[in-house]
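The structures considered in this document are given below.
Shared between the two complexes below is subunit A, which pairs with subunit B and subunit C, respectively.
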Partner chain A sequence: MRRALPAALVLLVLLALPIGAGSLYSDFYLSLAIRVFAFVILLLGFDLLAGYGGLISFGHAMFFGTGAYAAALTLKHLTPSVWAALAVAVVVSAALALVVGFLSIRAREIYFVFLTFAFAQFAYHAVNSWEWAGAANGLPGIPPPSLWIAGRLPVDLDRRAVFYYFALALAGAAFLVARRIVGSAFGRVLVGIRENEERARFLGYDVTRCLRRAFLISGVFAGVGGAVLASFHGFVAPTFYHWSVSGEVLLMALLGGMGTLVGPMAGAAFVIVLGDILSSWLAERWLLVMGLIYVACVLFSPTGFAGIARRLGALRDAAPAERAP
Partner chain B sequence: MASPEVLLTNLLYGLTIASALVLISSGLSLIFGIVGVVNFAHGSFGMLGAYLGFSLVMATGSFWAALLLAPLIVTAGAIVMERLTLRPLYGLNPLYQLFLTFALSLVFSNLVLLVWGGDTVSIPTPSYLRGFVSIFGIAYPTFRLFVLVFSACLAAALWLFIGRSAWGAVLRAGLHNMEMVEAFGINTRALVTAVFAVGAGLAAVAGVVMGAMRSVNPEMDLDLITSALVVVVIGGLGSFRGAVIGSLILGTAESFGAQLLPGLAKFVVWIVMAAILLWRPEGLVKDA
Partner chain C sequence: MTLLRLSGLRKAFGSLQVIEDLDLTVEAGRITSVIGPNGAGKTTLFNLITGRLPLDGGRILFKERPIAGLSPDAIARLGLARSFQITNVFPALTVLENVRLAAQARQPGALSPWRPAERLVEATTSAQAALAQVGLGALRDRVAHTLSHGDQRHLEIAMTLATGPELLLLDEPTSGMSAVETGRTMTLIGEIARRVTVLIIEHDMDLVMGLSHRVAVMAFGKKIAEGSPAEVARDPEVRRVYLGDL
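After this line comes the complex of A and B, so read on.
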């Protein structure tokens, strides 16, 4: 249980963060943290598919955006209940993931990457031209959501600290669900497919069905992430669908180390926080520096933070140089 | 229905786009063929070529000097980039190379923003290439005709080089089996660098001519890399012939798509790519 202590510390810090907000430090850090939580949910979904199933999607912005728009449209036109918004986001992104997964999973490796990229670009241009979705301007003025269920709990989420705890709880729940999936028989089969697809097939597993299911789950996670961010900002725009979001997801996952769940979560936090620091410090030059940091990361540690942590751990354990593989 | 003149104009324009696409996509395809790297920064070479070309025309006053020098500068830069950043990653999971080149494209696009600002510029062309020429009874812009002939000649030269020369034979062997080529005592590292450098230079040439034909803007890298990716995916990665076929399909689809379905012009690229990938997940051409 060596990991229990750091995990408890992180949780404690996260729970205590809103206490000092507004007095010790700016409220803005809560917004930044909420953005991190939304991306954490998206990254968990990406890692289930890419890190465990071995299918690299370059189109997760499409599910992120779809969840965001579904939540935004629900809040705007149907009900202020955040649960209804989340439910609609889940259903719509699941439906989209079902179709895209069905079509894409016939391809593998780099062709799968391009196919998901093509679908995502298609969705981006579609949203950009649909008038009912606000076209290029997006949808501003989404009313603040509330925890309202059938007349009970009429707590509005428009206060930043309240939304913060709500998003933290959702991200925590998403992590527990993802860990459960990874530990289940289905999760093991996914890893088996990633390691050797042919062998998994010979053992009698329906590989295509497993991967489609993983794609569906992954798309739903991404949709929930988008829904969280959209209901917090009260605004959606086609930038949710932009291909750079898909690229960012890949960067975060790789920086953190794929196939570890915790790694991509840390990657999301790192990229978002660093991006904020750099952009306030370097003005418009920050993306240049960010790009150079990415380049350095991949050159010096191709396995990401998880690899660095593992190496540090190996040093600390002072194990014999050659451990059993 | 459209008149024969309109059809012919569209066909010529489609061929013009296609010939420039061959220049930009062949490098992407060949480098994938020999080392399995999808170079996401390939479009940046085109954009850098275009902006350098613009500055060179401004400095020297000669379009031809720009067309010659800009690709040479980009080629030199690409050699440095390949040696320093890509070489350590060959043989690893292709994801790391995709990630690296994605990060590099981010660096290049911000570099362009810093040096040239976010403005859209256009590369001045020589006066005798402006205006129109008449071919088969239609008036076609002279510069577009120049792009068509010039790019087609370069592509043909490349095709002859790959198909007929001794170095081309080494390259073709490398597309099949790089280890075997190395076992024959050929310096494969130099081969990879050379292919990368030539590919980058051709992309820069395409950047200059396309920049002069349309415009030069900071989003050009994305336009170029998406077109090139679609082309190589349609044609099949790692094949020069595939890049040519893919370019012809995409070029004509773009020019006719803009004419026949103006509202759907942006979708045409993605519809064509998704349809072909679904029908043939490995591309149309499966050879070296």
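After this line comes the complex of A and C, so read on.
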């Protein structure tokens, strides 16, 4: 109940946001929010693997980019249906995650970080040189997607507010799915593996298989996030694959608090929105402020926003008890 | 019925032969103990049986099925559970979740990413039963690392029990315990052994003599004696190893 109220407020604000767009504030904030939703889906995937499974990937840009390119190519060459674009993004990023997961999950800790980074760099350079994927220029001019399914629902998503609600719904659905996975039998096993891999193995859990599955799920989430952003922008470029995206994901998750789902989502929103505000005031120097925020967070709340929220909650619970005679 | 049969087991670490041509059988429904001084190769023996280390030679048959070469998780799923000499639990999880995860391992749907964990009712039920049996029922909501050392060791026994094993391997189950806790633990093992076959390794000979049906004695990687506790206690070779060559 206590968490239901803030959640309802956030949802209300998000639902109402397009109403004032263009009149009270710039339409641009809707674009920013859509970017947040795309990253929220990516971060949920990252958190399932890193926060719950204990495997820090430094290569999630590769799934984000692959989902983006898969969606873009589908919309450009096959059909304007956003569902088809998402489905292709899911299949292609799942296939990639299957291969990369198979090869990476034999390693742990820093070796796993480097393996995922190496695969992502490989993908980045490959995309940069593939002519059919636009090479370094990327693919501009992707037609606007529609909610078209077999002749029904021919609602074009080219209006920003419509796409906004579409992306919001998708991010909401991704959150519910992620929460379901976290609370599932498999989700509990994942936490067990994070806490004590050896014990999990000697209880009869095939740790490698579990982590590969987590990697697969994580990659698919990241791919869907990329597909959302690509469909919205109507443009993809190799920057989707750039290692700095993987780095940003890690920082967002750390800032929000890994292993909480809500934390990394908040981290994504915070970094994207604050980054936009700061960069309009400070130009390039905004990164300096962002850096200071990261340092402060690591020093004073290593468990991120989620840790701060937990401590505030504990304070509030404790306060009335102390006042009681 | 023979539950576990080891024959000609060999293992070396470099030039050091830790297990040398070892034969051992564990009969179902019995408590079998392997005793020996520190460094005799007892824990290595468990590591070979449970797939933690590869064999250099020999055979391991569990329920007449060869298990050498299988992964530790596959061996565990066959019904062979082990505890560790150094307490090995999920320190940040609650007591109940520790045991529930153990119970879940051999349930259908154990790896379902969609079915809520709480809906695997059988896992929770057998977890609670295992906790009650080791006397930790009241501490079920505590985080595991806040328990006393003795309670953590009992928690680990509850976890191995909750997997529903046919054979339980206990590696020095009372190590680091006070005299009172040790007594409680030995009583507990006696109770458990009414339903599950138990194989214990222990360096303290006196501890397992009263409890075991059969005792094997190891020294320097070899089995030097085997028999009933009384036979083993009389054995001159065993006395020499334990009391020193005086």
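By definition in this document, the second predicted complex is superposed on the first by the 318 of 325 C-alpha atoms of A that agree within 3 Å, B and C clash if a C-alpha of one lies under 4 Å from a C-alpha of the other, contacts with A are read in each partner's own complex, and residues count from 1 in each chain.
Going forward, a contact is a pair of C-beta atoms (placed from the backbone, for glycine too) under 8 Å apart; a residue touches a chain by one contact, two chains touch by 3 or more.
Since we're looking at a predicted model, the values are computed, not measured.
K.L.:
Regarding the shared-chain residue A:Tyr165, is it in contact with subunit B (first), subunit C (second), both, or neither?
P.N.:
The answer is neither, since A:Tyr165 touches no partner chain.
K.L.:
Check whether A:Arg285 is in contact with subunit B, with subunit C, with both or with neither, and answer first, second, both or neither.
P.N.:
Touch status of A:Arg285: first partner only.
K.L.:
Identify the partner contact of A:Phe175: answer first if only subunit B is touched, second if only subunit C is, both if each is, neither if none is.
P.N.:
neither
K.L.:
After superposing on the shared chain, does subunit C or subunit B touch more subunit A residues?
P.N.:
Here the partner covering more residues of subunit A is B.
K.L.:
With both complexes overlaid on chain A, does A:Trp83 touch subunit B (first), subunit C (second), both or neither?
P.N.:
Neither partner.
K.L.:
When the two structures are overlaid on chain A, which partner does A:Leu254 contact: first (subunit B), second (subunit C), both, or neither?
P.N.:
After superposing on A, A:Leu254 lies in contact with subunit B but is clear of subunit C.
K.L.:
Look at A:Ser184 in the shared chain and tell me whether it touches subunit B only, subunit C only, both, or neither; answer first, second, both or neither.
P.N.:
Touch partner of A:Ser184: subunit C, not subunit B.
K.L.:
Quick check for you: in the superposed arrangement, does A:Leu299 touch first (subunit B), second (subunit C), both or neither?
P.N.:
first
K.L.:
Output the subunit A positions appearing in both contact lists, the one against subunit B and the one against subunit C.
P.N.:
none
K.L.:
State the interface residues of subunit B toward subunit A in the complex, per the touch definition above.
P.N.:
Contacts found on subunit B: 32, 38, 85, 88-89, 92, 94-96, 98-100, 102-104, 106-107, 109-111, 113-114, 222, 226, 229-230, 233, 237, 263, 266-267, 269-271, 273-274, 277-278, 281-282.
K.L.:
Please give the residue numbers of subunit A that touch subunit B in the complex, ascending.
P.N.:
56, 103, 106-111, 113-115, 117-119, 121-122, 125-126, 129, 243, 247, 250-251, 254, 284-285, 287-288, 290-292, 294-295, 298-299, 302
K.L.:
In their complex, what parts of subunit A are in touch with subunit C?
P.N.:
Interface residues on the subunit A side: 180-181, 183-189, 191-192, 195-196, 198-207, 209-210, 213, 217.
K.L.:
Across the complex, what residues on subunit C touch subunit A?
P.N.:
Those residues of subunit C that touch subunit A are 50, 52, 71-74, 76-77, 81-82, 84, 88-93, 97, 100-102, 104-107, 109-118, 120, 159, 163.
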